[in-house]
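Look for subunit A in each of the two complexes below; its partner is subunit B in the first and subunit C in the second.
Now for the complex of A and B:
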């Protein structure tokens, strides 16, 4: 059952997601980062629909649980495509869009196949467990891809501050969730401290993206090597 | 086993991204010049010192909060604690990191001063709006 804490965090998170769209539109970044904004818009719609399912069917209903996990998987796939759009921004001068699209689809298919292979051996509810497994695996794949992108930014001396901050906040978000899923798999206990923190993790991405769109002008530039932990 | 590896990788990458993200926030604010008023209030003239951070944060908490900078101020607060931890542990073993942590702590204090400047102007705007209405 959801308590007041979960409802408040849920509401704040939805409002923050909507604020990303408002900030992006006000600052003229909506079309430039279309897939990122599309992901945020879908998150807002999914939040409202989840609330409707919760209100109509109850927290423990099959309808709510199914909708929750399926919409979560859809959002994770969308976030994965949003990440690939950041690759397109970084590699825009190399005109590598076609290869990036092929690579994105190839990696997504590979992750889906791996997830299927994992759940096939141990699950009766194949499709549902597949969706959950796919989400968890995509978070880790997303984390690795964000790290590769960050390495490319450093190597190619990408200087657009807005783009750098979007990538770094996505990296923090993916690593928080990947670590969280790993802890949950290691210790399968409910009601833990981390479980209470999970909804808060979800607020990080919309907060940081809203901040970036609002405060960092498109023309702002940063020397990326100054940001690396290990000086280059 | 697999979950353990994923957890270890995630924590290492989380630290890496978090530090770089904080430094990108600091880099954006370091280009802003503080007004004479904020310089007087904070005592920061040109270069900030890590010891100023606590005082500037206390001043920051006296001002009405702006929702859009809450996340970044908290992130820098965590980064500052991380630097303090490094200063009291690793810097004792590797002295060269001491200068680096001091420099970074100073940047954190400057970031907090810039956030203070934004909050002061935000409060002034709110007051002006109230006076108008």
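Now for the complex of A and C:
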């Protein structure tokens, strides 16, 4: 049964997602980071639709369950493309767009094939199994890709503060969920507390992106590579 | 050609890394899934029990206390 805590966090999260769009439009970053904003817009729409399904059919209804997992898979695919657009920004000077597109599609296809290979023996609800498995696997692919991108930012001495903060926020966001899930499974006694934290973590990405768009100007520069230098 | 092969190789490497990480994270998992989009409350997995309470396993002993194994 859902309590006021879940509803309040859900509302805050949805408002923060909408605020990302507002901040991006006000600061002129909407088109520059179009896929990121498109992901946030879709997430807002999905939240509203999920609420509608929850309100009309109930938390344990098949309608809400199916809509939740199918919309989640769609959002994960969109987040994956948003992440690939960050790659395009970082590698823009290398003119490697063609190879990035190829890599993005190849990796998505590979993940889909792998997911299908995992669930193909499920006799019932094969499509639903596949959708959830794909969403899970893409989530971990996104996690690894974010850290690879961070390594590329350090290696290439990327200095755009806005871009760096967007990538770092995504890395922290992915890591929070993975760490929380792993710790939940290791310490089942404190499971309910950690479970309560999960929706709270969902607010981190829109909050940090909204902050980045609002407070960090496009021309701001920083030198992250200095963080990696080990003094002797 | 070699650049294309490099892209394919890197993509495969990322996929292998991601699936290895997934294995590490969900090793002690109970079959639940990691969901990371929005703040909506996560419902039970569709194929887990569809919301209905899970019945006892039919062959378990129907609720009666299990006796010790005869040959122990």
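One rule holds for everything that comes next: the second predicted complex is superposed on the first by the 210 of 232 C-alpha atoms of A that agree within 3 Å, B and C clash if a C-alpha of one lies under 4 Å from a C-alpha of the other, contacts with A are read in each partner's own complex, and residues count from 1 in each chain.
In this section, contacts are C-beta pairs under 8 Å (C-beta built on N, C-alpha and C of every residue); 3 or more make two chains touch, one makes a residue touch a chain.
Given the structure is predicted, the values throughout are model-derived calculations rather than measurements.
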item: Winner by number of subunit A residues touched, once subunit B and subunit C are compared; value: C
item: Subunit B versus subunit C as contact partner of A:165, first or second or both or neither; value: first
item: Touching partner for A:18 - first (subunit B), second (subunit C), both, neither; value: neither
item: Touched partner set for A:77, first subunit B, second subunit C, both or neither; value: neither
item: First (subunit B), second (subunit C), both or neither touched by A:178; value: both
item: Which of subunit B and subunit C A:111 touches, first, second, both or neither; value: second
item: Touching partner for A:64 - first (subunit B), second (subunit C), both, neither; value: second
item: Partner chain(s) touched by A:199 [first = subunit B, second = subunit C, both, neither]; value: second
item: A:152 touches, of subunit B and subunit C: first, second, both or neither?; value: neither
item: Contacts of A:43 with subunit B and subunit C, given as first, second, both or neither; value: second
item: Shared contact residues on subunit A - subunit B and subunit C; value: 140, 143, 178, 181-182, 185-186
item: Contact footprint of subunit C on subunit A as seen in their complex; value: 2, 6, 9-14, 17, 43, 46-47, 50-51, 54, 59-62, 64-66, 68-69, 71-72, 75-76, 79, 99, 102-103, 106-107, 110-111, 114, 122, 124-125, 128-129, 132, 135-137, 139-141, 143-145, 148, 173-174, 177-178, 181-182, 185-186, 198-203
item: Residues of subunit C touching subunit A in the complex; value: 3-4, 7-8, 10-12, 14-15, 17-19, 21-22, 24-30, 33-47, 50-52
item: Touching residues (chain side subunit B, partner subunit A) in the complex; value: 3-4, 6-7, 9-11, 13-21, 23-25, 27-28, 68-72
item: Touch list for subunit A against partner subunit B, complex; value: 140, 143, 146-147, 150, 161, 164-165, 168-169, 171-172, 175-176, 178-179, 181-183, 185-186, 204, 207-208, 210-211, 214-216, 220, 222-223, 226-229
